[in-house]
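In the two complexes below, chain A is the common chain; its partner is chain B in one and chain C in the other.
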Partner chain A sequence: MLTTILKNGLTRRKLLGATAAAVGSAATASLLPKAAFAAGKVIKIGFLAPLTGPVSAWGKPGLDGCQIWAEWVNAAGGIKLADGNHMVEFIGYDNEYDPAKARTGATKLVREDEVKFIMMLGGDTWPGAQPVADTTGMLFSTLLPSDLSPDTTTLLAPAEVHPIYNVTGVEWLAENKPDLKTAVMCAQDDALGLPSVATYLAAFEAAGIEMQDAPLLFDPATTDFAPVVTKMLSTNPQIVCLDTAYSDYVHPICEQLFQQGYKGQIISCTADFYEQILEKTSVEFMEGFIFQFPDFDDPALNADFINFQEPNRFYEEYSKRHPGEWGAVSWEYASIMDLWRAAAEKAGSAEPDAVLAAMKEGGKGKHIFGDAEWWGKDLFGIDNALVGNWPVVVIESGKARIKGFKSIPEWYAKHGDLMKKHMAAYGQMWNQRT
Partner chain B sequence: MRNRALHIIGWPALAAALIALPYGLSFSQQEVLVFLTINVLLVASYRLLTLTGEWSLGHVVIMGVGAYASALYTKELGIYVPISMILGACTAALVAMLLSFPLFRMKGFYFLIGSFAAGEIIRLLWKRFRDPFGGPKGIKKIDPMPDFDIGIYSFDFFEPISYYYLALVVVGICLWIMWRIERSPVGLTFHAVHWQDKLAEAAGVNVRAYRTLAFVIASGFAGLSGALLAHYIGTVNPNSFDIEMMVFVLTWAIVGGTATFYGPIIGAIVLTILNEVVLREMGFEQMRPLIYGLLLICSVLFLPKGLESVVQKVLARRNGSGAAAAGEEQA
Partner chain C sequence: MVELLAQTGLNAIYAASYMSLVAVGLVLIFGVMGVINFAHGELFMLGAYTVVALYADFQLPFLFAVAVGLVFVGVVGLGMERALFRPLRDNPLGGLVASIGFLMILQALAVMGFGVRMEHVPPVTQEVIVFSEKVRLAVPRLFVIVAAVVLLTALWAFLKKTRFGWALRASAQDPEAAALQGISINQTSRIAMFIGAGLAGIAGALTAPLVSVNPYMGHSVIVSAFIVIIVGGIGSLEGAVVAAVAYAFVHTIVTTFWDGVIADIVGLSLMLVVLIVKPTGLFGTADRA
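Right, the complex of A and B next:
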């Protein structure tokens, strides 16, 4: 068809015709998976996250991971409830990281699609969806526990206790490289960066690592990181901390550190798509880079205490379908679904209140990285964050490897006051939020 | 005679259709309808600004000024929501008045860049001053419009239908005011300032004062649209009023056309329905930016005078056939 068009020349009519045909066939293809479930009982789960735009790296890979999770669960017979087995179907809604669209999406998922559970990235979008949660009693999850407050009774942070787990990386660093005693930090000045700054400051103080300068906060619209890096390196630090930054910041900052000749330790919350950083820098430069999110082909994830089915096969399947797209959230939403599934099967029902009660029964839960407790009253005003161990990941010879699992509650029991002090200084305690 | 009949039948029919409209929509489409109604006010106010020939890149930030101001008046001072909305609009107009002093020392492209810079300064202030603006996270838990009952209808403003009716009334009144302004001597002077500024100046018109007036009035209406938005979604943050949103407003205005009052409104309606309803319903959740961009390019290529030119052609054809029919009757 293409050769015919090229041969005969591309006219406006042909262009529009070809576009309409492409749009039509794509629409037909997108309807097929839904048709496959038409005959059986189906539980719908909402996925309300940014699927396009600058924050989509923390939404779309999660939906891709959930699709694999659903296929595996459905192939194994589905979710076993009191009234029989149910297949799982994910309904995605792109909120573009906009609170107004989050509200529209939450309304659609709850009132039209009749989903039983909604997973969100959270952050700026949660306040838009919150009135829908409050009014309908729908169970929501967020990856950002800073969304939690005493009145968010149906909002859970069951996978990621961002940014509290960052303390584990600093703790591991202090234990394994005790000679490193000075650090600098940069972060984007936004809802994600600031609580993380407070956490790293607490962790550095607890580890006896001195900050050489106040954290350098840059505007989220920054694209040129040369001045940021130059200023950080001017104090000749032993450690450079990249806080919790989007990959759009981590990559150019690493590139600048490399170009400006930095040879010290780097610690970061994330290193999404780190293979691309390796390509832009070098294996030697990235050696020893510490972060918090493992590749799931890591042998350490085959330990008995890991609550995730076949992580290595999951990683393999994900990488086959979406090469080079593995990131921090690829597994997180799927791990939340593991927790939700266990609670629904325990309750024998998918109704939000029943699942919530089953999930929080006894104050304990099976977090992906081992047994954990529902926690958070101190920092978030409500015990709706599932907290336990978290892995410390180090890049060795160009590959991310888990170096150990550290306990967040144990760290907090010893240094909780430091955390509260720095969180309060940055206005991040739940009762300080506007 | 025919036009009068059209007015007598047309406007009540349009009002009835707009009142009945949400009942034919799904819940999420009702939500989109609320935001669309608010955006109609935003884009119509933007056109008012462009009447004097100046295109601003700070209009969405001015909308944000209205949103932040109204939110703070209710949260910090406990002012009744409808009053705070009006005060929010006045605050936006006041900020525009202050901005006009440096901005209207510039014209054309320089004004465009200046307005962008002014908008960014305001957004940075929201981010820097956590008290009272909430910093990067903005302001949450903004008081909603209080529910009330008028006997035949109970307004629950969590429900999109209720808020749509509120927005419809407010936006309807604002559009009527803007229409009257454009048709008034002041509006005609706006046009003169755009197309014949030297001549207007020679005739004694204070060109800068009229540009300022258009800027302030347009900003007031934009601020009101921001206040309507803030009290519906319950949160505002600096990212909601960034350049990306401004590009959407420009796109609505350009695709719709700015030669007529209804051009930008048609642009906003068509593109919002396309982006938020049609493409989502067709299952192109993640491909929307691509298809939206493609359609925009097509519309610029094939409809360079905007969607309003289609309406004008249809009206001209109908008037032409009407005139021909009248001629035949007379013969």
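Right, the complex of A and C next:
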């Protein structure tokens, strides 16, 4: 074996040098004082999300982002609690967006791995994990606040107030392109699409934009979107709204809009991997496309009110490790961990009840996009969603750029009744969900 | 309204084209071998990934990648026939169960090889045939339509005009009698599997730039294909084509004028009505039903 290695270009001198360096490093490490974190002091965090399967794009990139977060935090000394510093370790469990697997995973993470906090995508998988939360008191987070209800006080939506933040995109559109007055919308008929439909309907009504047709719902198994697009374009809309759709839908719908000659405004919750859409359409076609998730190399994220450690460097590191995989959730779970870490250090403990109390103290919190408040009693029956500003992102010359941050609570203070009306019409109020 | 109907018609023709390719392959395999190949959607997926690998990753010509997709998936079909279906020929449920297992293996291999993400396949061309402001047909969709017409015509000619085709039809009608006439059941099974799998492969390859390519893309295709072959009559190639066209038109029209979810309900209701009124399907015979 050694002969083979040497034949393949590694000289004896290099080998001896490397061996010496390795031995030296090991010796040095063994002599270092154990100051940074005591052996065995590791806090485990559960990551219970779809890591494979059709919805994995909203799980796996989040875990990848969390690994970078953990490396940075651990390198800086770890989490500082009352009993010393602790390293952070993420324990992933692939629930494949299946409620039964979510329940198994939640049980395993709590009972076997003894995690202190579990992050989920939520949605269809939350009902699976909910009994575990209720029986163990484990602190959970979801990206979908429509999972919130007074039944589970330990479920938080600390990063993403999906789909409520979609109102900011419509509000910005109405302010900046006031001549656009008619819209159509399509959405997949699922737990993600329907509350977003209600939100967009409320936002369009508040903005004085007329819906030309009822939202066109399609089966999540749809692969050919030509009929959907044909129907939407049949009324000559000025705005086409893509609701909150997975990239498997957003990309082919955009391509169809392009192929069927649409030249108007597009608004969407997400535009993950939008470079690929650009390649399938054109820079001109995508100009002005509005969505809600910035690239983290955006200079606007360097503002003082942003509560995220070095967003530009995070984006650079992420893109280096996972080229072309940056998406809406790449930063979200990491931003939840920022909030969790601040609360744990404030409480001096990683125990779920202590962290929860510290996190919600005073009803205020540091959301990634600025100061925010714990909110949601109206819509979710419990103030467990952290809501503040949200960015409006527009594609300009082929690149996503933040055009501004708009306040969700301010919009809701003016138009909350509209939101409740449309949520109720789609059966999405917390007390309507089964 | 005329433009809307015309555009809907073009959309339906495209949907009927790729659905016909998939359904006819599935029917051919069942007709000759008596096996319901649940992995047929994954053969479609393999064809799409062939294009991802050769056209998107290695930047080889698209048509070359499509041709390789046909042959490669056909060869995979040969492997399935030899390793899975032939040893289980006397077990009525064996082939079905084996195909379910194989579909999971193919999905897992796709995940291992390409990851779980949606694959990006660059457009072959952005050219669009413009009939009027609101009636357009993208050239890549035209490729699918032309390919379906050419391949299905060629298959029809093969089955009707060649000795191998006669052997296939004889095996489909009565395998024992065909064997007594000296027709090799193994050979006809191999031919059926190669053609059936190859059709699924080329359908996946041709549509790869138009759909989201991911390891689970076969699921939605197989569901529609089963509806089509049940409506057309299990075992009937003509029935598969007619049902694919009918299903595509009904689904597209209902989606366009009502809703995509209602279109699914209508499609399934159509299948139920056919099963109740004519349990063998529109063109099926009692032997294979």
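For the reader, a short list of remarks on this structure follows.
Operating definition for what follows: the second predicted complex is superposed on the first by the 394 of 434 C-alpha atoms of A that agree within 3 Å, B and C clash if a C-alpha of one lies under 4 Å from a C-alpha of the other, contacts with A are read in each partner's own complex, and residues count from 1 in each chain.
By our rule, contacts are C-beta pairs under 8 Å (C-beta built on N, C-alpha and C of every residue); 3 or more make two chains touch, one makes a residue touch a chain.
Everything quoted here is computed from the prediction, not taken from an experiment.
Because the two structures share chain A, they can be overlaid on it, and in that overlay chain B clashes with chain C.
Of the two partner chains, both chain B and chain C are touched by A:D189. Of the two partner chains placed by the overlay, chain B and chain C both lie in contact with A:T52. Look at A:Q259: by the touch rule set out above, it reaches chain C but stays clear of chain B.
In the overlay built on the shared chain, the residue A:D224 is in contact with chain C alone; chain B does not reach it. Look at A:R313: by the touch rule set out above, it reaches neither chain B nor chain C.
In the overlay built on the shared chain, the residue A:K364 is in contact with neither chain B nor chain C. Looking at the shared chain after the overlay, A:K60 reaches both chain B and chain C. In the superposition on chain A, A:K414 makes contact with neither chain B nor chain C. Shared contact residues of chain A, touching chain B in one structure and chain C in the other: 51-53, 60, 189, 219. On chain B, the positions that touch chain A within their shared complex are 26-28, 31-32, 35, 124, 127, 130, 132, 134-141, 144, 158, 160, 229, 233-235, 237, 239-240, 276, 280, 282-289, 291, 294, 298, 302.
Those residues of chain A whose C-beta lies close enough to touch chain C in the complex are 51-54, 56-57, 60, 189, 216-219, 221-224, 226-228, 230-231, 233-234, 247-249, 251-252, 255, 258-261, 273, 276, 279-282, 325. Considering their complex, residues 4, 7-8, 11-12, 14-15, 111, 116-118, 120, 122-123, 126, 128, 130, 133-134, 136, 138, 141, 210-212, 214, 216-217, 219-221, 223, 251-252, 255-257, 259-261, 263-264 of chain C touch chain A. Considering their complex, residues 12, 16, 19, 23, 26-27, 30-31, 51-53, 60, 92-94, 97-100, 103-105, 107-108, 111-112, 124, 127-128, 130-131, 135, 189-191, 193-194, 219-220, 427, 433-434 of chain A touch chain B.
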